[in-house]
Every structure is written in C-alpha cells, then in structure tokens.
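In the two assemblies presented below, subunit A is common to both, partnered first by subunit B and then by subunit C.
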Partner chain A sequence: MYPIASYTSNSTFNVTFSSIPQNFTHLQLRIFCRVNNGSSTGNIYFNFNTDNGTNYASHELYGNGSSAYSTSSTSTAYPILAYQVAGTGATNNIYSTCIVDILDYTNTNKYKTIRQLTGNDQNGSGVVTLGSGLWQNTSAINGITLLPDGSAFAANSVVSLYGITTA
Partner chain B sequence: MSVFLQPLQTVTVGSGGASSISFSSIPQTYTDLFVEASFRDSNGSSFVNTSISFDSSSNYSNTTLSGNGSGTGSGRTSGSTALQPWFANGSGSTSSTFTNATLYIPNYTSSNYKSIISDMVAENNSSTAYQELAAGLYSSTSAISTINFYAASGYVQYSKFSLYGVLRQGI
Partner chain C sequence: MAIIPGVGASSMHGAVVPIGYVNITNNTTTSVTFSNIPQIYQDLMLVNSVRQYASTGSASYTQINGTAYTHHSTELLGNGTSAISGPQGGTDGYLQTGVAAPSTASANIYGVNTIHFLNYTNTTTYKTYIGKGAADQNGSGGVALRCGVGLVTSAITSLVCVTDGITALASGSTYALYGVRTVNQ
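On to the complex of A and B.
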C-alpha cells in the first residue's frame, strides 16, 4: 500500500485527485472528516474523471443505533461515497472515518464498483454504513472528485489516496 | 516494498472463464491473510452465492448482515461445506459490473479454530443491490494452506482474486 496524495487544511477545502498513477491494481481512500454544511450530518458524493452525468448508482446498508436500513439511488449524477458523516453542526472536534476501496481501477473491461465503510458516532447518536457505488463506464479512473454537502470539507479533515499492488 | 500488506498471489480469469479459483501452497510465514476480489458469475441470475473453503470438510459456518437496497436481514449457516459470505454479480445484473469483496483471515497458521471476517458489495443500476458483512468460522485446528473459491456457474473473464500476507510488528 503506497501513499499517492493527501489533502488537509486548517480552513475549509475541496478534494480532487487528478493524474492518478495507472501502475497500481487497486485504490483506497482513507478519510477523516466533517463536512461544512452546518448540520450534524451530511453526505459525501463523488465522480470519476469529471463525469457528472447520470451514470452512477449507489446503495447503503446502515444502522443508526436502533435499527438497520437499506437504501438505493440509481441513474444518478450524485452517487454517495460516504453516508451521513459528521457535519459542522455536530459537537466540536467530532469527525467521521471512512475507508473506500476501488478495485481494478485501470481495467477497461469493467464498470467500476466502490466499497465504503463509514463510521460516525456522536456520543448519543451516530450511523455506521457499508455502502457501494457504481460508475457505468469502462474507462480507467484517472481522476476522483469528492463532493461534500456544504460544498467543502471542514478544517482539519484529512483525505488520503493510496495505491495497492498485487502479486 | 511494503511489508504491511505483502502481495502473494493473483489469479485473473481468462477468456474461457473459470468454475473455481484456488490459492494453493500459501506460505506459512505471515500472521494473517487478506483477500481482495473483483468478480462476476456467468449465472443467469442477478446475484448468486460464491462459496469459499479451505478443505472438503463440513466445518464451516457463517453469520451475515445484509442489505439489498430496500430491506435488511441477518442470516446464518452452520455445519456447511463452505463459507458463503459473498454474492457475485450474475448476468442478470447491470453488464460489466463486478462484485467488490474482501476476506480477512487472522492467525491462519494457528492451532485454534479460524475466525474470518468479510465485507462485500455487489452493485447494480437498479434498486436491488447487495451489501453484506459476514463473520465466518472454520472449525479446524489445521493451518490454512489453500483457499478455494467456487462460482455458481463460472467466473467470467477479468474476474480477479488477489491474496496478501499480513505481518504483525516484530516478525
């Protein structure tokens, strides 16, 4: 597992990974964040290669401390990368954690499927999610744009991209 | 070279497809094993089970938590001939869409029973798609040296299974 690039700031910021190296087999995003939306929670959406058409789907299995739920979105331009992470309306210093795996990202015979595990506990409320996203395009992924609710990540969030090799 | 996650073996399915995939002669020198897989089954259903085993015994059980885009459920199998923690995208699901799954096997050389955890997503541009977490148990004291993956009908071309060794600090 090799670090490719990372974003953080002491003020709000946005994230676009471009010119992603094509010499790994898989990609992984590791995210420590809150989104700049003024609410206690918010979502992070994504697109690949600046494709903002309705070429995506996403599904989430999540629990909120009392029940489990499942939800879906199809033929959408706003697929969910991370579901219900902390927002800037949450208690100060509460951030969420998300790990996203993108397998075989250079394979031009596959649509691209992401898998995300997201945790957001706020000491009395919270959501844990296993989710997926689909980009209906066989192009190799060379760019990833993250689209957080509130149009920015809050200060001191950290978004890092890693490459994973295979034998 | 990273020693945190050491690539050991990769199988990519060729144009003829494959009914099963095996990792054999797995080195016994790591602490844990980790599998990352991207696969699709030629079965005509939208989603079908993939079976995972280390031998031909009936020493497998698993407990699952899953969602299908609208509902959730938890299931269990026991005394089985294989773990079934993964759904494969079948030919009834969105074309060119491959399941994205992992399998983590800690202490695979120990003389205790083996506890296994997995997560899996099988996407689809439809309201129905699967996300599943699974806990598995291999009730055997034997070290794991082989991992077999069995398709319902056959893994399609470009399916890819990668095996990694994980080393803990101090080894």
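On to the complex of A and C.
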C-alpha cells in the first residue's frame, strides 16, 4: 500500500482526487472526518471521473446500537460512500472513521464496485456500517470526488488516498 | 513478554509499517502493551488473533495510554442466527475493540480482529476506532463490526490489549501493531 495524496485543513475543505495514477491494482480511502452540515450526522457521497449521471447504486448494512438494518439506493447520481458520519452538530471533537476499498479500478472490462466500513460513535449513540457502491461504467477510475453533506468536510478532517499493489 | 520491534519507516517502501509484534507463548499473560508508539504515522492498525485461557467471555478490549476515561462503542454482530446491534461503554478506558475465542472453545480456535485508529497523534480530537472481527467456532461464534470513541484527546502513545476480566490469554494469541504512513511521512 502506497500513499497517493491526502487532504486536511484547519478550516472546511472539499476533496477531489484527479489524475489518479494507473499503476496500482486497488485503491483505498482512509477518512477521519465530520461533515460541515450543522447536524449530528450526515452522509458522504461520491462520484468517479466527474460522472454525475444516475449510474450508481449502493447498499448499506448497519447497526445503531439497538437493531440491525439494511438500506439501498439504485440508479442514483449520489451513491453513499460513508453512511451517517459525524456532523458539525455533534459534540465537539467527535469524528468518524471510514475505510473504503476500490478494487480493480483500472480494469476496463468490469463495472467498479467499492466496499466501505464506517464507524460513528458519539458516546451514547453510534452507527457502524458495512456498505457497497456500484458505478455502472467500465472506464478506468482516474478521478474521485467526495460530496459530503453540508458541501464540505469540517476542519481537522483527514482524507487520504492509497494505492495497493499486487505481486 | 518481549515486543519484537519493527523496522523504521525510512527503510520501508509501503505505507503499512510494522511497529511491534507479540506472540503469547504461555497461559499466564493477562495483557499486551505496545508502549512508546512512534508519533510519525497517520494511522495505527492493530491486528490480533486472540483466545482466552481462563475466561468464557468472548470480547477483547484496548485501553489507550493506560488511563481511565469515558468510552462508548457500537457493535453490529451476526451470530449465525440473526444480525443484532448493541452498545458497550464505561469509564475505565477499556474500549471493546474485538472478539476473542473463549476458553471453552475447541482447541486451536482463535478470534481475529483488525482495528484502525485514525489520526492517532491529533491532540484536539477524541480518539475513535473502527474494527472488524470474527470468531467462528464451527457451529457457533460470529462476525462483528464495531466502532467506538474514547473521550481522550491525548495522542495515542501506548495501547494495552486485554480480554474479559483481564484474565490470562491462551498461548498462541498474537498481537501486531502497524503504522500507516500518509504522503510526506
């Protein structure tokens, strides 16, 4: 695994990874965040290669400390990358963790599937999620745009992209 | 119990750098501590394979910096029958970070966990983790996702790993700690 790029700031910021190197086998996003929406929780959405069409789908399996649930979306332009992370309405200093794997991102013979593991515990409540995302396009992924609720990540969030090689 | 030091980041080409490794070779050790954790990485990743020698419990815990603090975690568990979710919390600082095979499990069965502590050197944010674990006992057991928060803003300089009741770990339990570099590290 090799670091490609990372975003962080002491003020709000947005994230777009462009010109992603095509010499890895897989990609991984590692996100430490809260979103700048003024609510206790919010989602992060994504698109690849600036494709804003309804070419995406997602599924989420999550537990909120009381019960287990599953939800999904189909033919959407706003697939979920991370489900119910902390928002700026949460207690100060509470951040969430999300790790996203994007496999075979350069393969031009298959649609792209992602897998995300997201945790948001706010000391009394929490949500932990295993999710998937599908981009119905065979193009190699050369750009990733993250779309957090509130249109920005909160200060001190960290979003890092890694490339993973094989033998 | 000796910790085998990992190699320095400067000599590694990848982002995942081994920091330390402990292999339990007796049935008397009750905890594993990674101390003096280097403050030069972006994230930490703890990987363990755990079985209890003296307890029938099925949880493993991690305490940050060896101190007590308020904490809470949320679990999503599949036990072969249904999917359930529940909370865990307290004030002793022992975050429930994973599963463990109980002492009553069949021989040679261990629970495995991978736990991520992101942005662990930050001194203004509460420390949060996410993990995935599995403890399959050939007819029972389960698979779990878990996240949690400790209300401590200090950088993580040590991790103390225990199981239920801080009782003995079974021989063969292993703990590995890695640093995850980001760009310019």
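One rule holds for everything that comes next: the second predicted complex is superposed on the first by the 167 of 167 C-alpha atoms of A that agree within 3 Å, B and C clash if a C-alpha of one lies under 4 Å from a C-alpha of the other, contacts with A are read in each partner's own complex, and residues count from 1 in each chain.
As a convention for this text, a contact is a pair of C-beta atoms (placed from the backbone, for glycine too) under 8 Å apart; a residue touches a chain by one contact, two chains touch by 3 or more.
Just so you know, these numbers come straight off a predicted model, no measurement behind them.
In the superposition on chain A, A:158 contacts subunit C only, with no contact to subunit B. Of the two partner chains placed by the overlay, only subunit C lies in contact with A:5; subunit B stays clear of it. Residue contacts after overlaying the shared chain place A:145 against neither subunit B nor subunit C.
In the superposed model, A:88 lies in contact with neither subunit B nor subunit C. When both complexes are overlaid on chain A, the residue A:111 reaches subunit B alone and has no touch with subunit C.
By the touch criterion stated above, A:68 is placed in contact with subunit B and with subunit C alike. In the superposed model, A:96 makes contact with subunit C only, not with subunit B. By the touch criterion defined above, A:127 lies against subunit C but remains apart from subunit B after alignment on the C-alpha atoms of chain A. Judged by the touch definition given at the top, the superposed model places A:26 against subunit B, while subunit C stays out of reach.
Common to the subunit B and subunit C contact sets on subunit A are residues 1-2, 61-62, 68, 117, 130. Considering their complex, residues 1-2, 25-26, 57, 59-62, 68-72, 74-75, 101, 103-104, 107, 109-111, 113-115, 117, 130-134, 136, 138, 164-167 of subunit A touch subunit B.
By the touch criterion stated above, subunit B contacts subunit A in their complex at residues 2, 4-5, 7-10, 36-38, 65-72, 94-102, 119-133, 157-158, 160, 162-163.
On subunit A, the positions that touch subunit C within their shared complex are 1-6, 30-32, 61-68, 93-99, 117-130, 156, 158, 160, 162. Within the complex formed with subunit A, the subunit C residues making contact are 13-16, 42-43, 70-77, 82-87, 89, 116, 118-119, 122, 124-126, 128-130, 132, 145-149, 151, 153, 180-183, 185.
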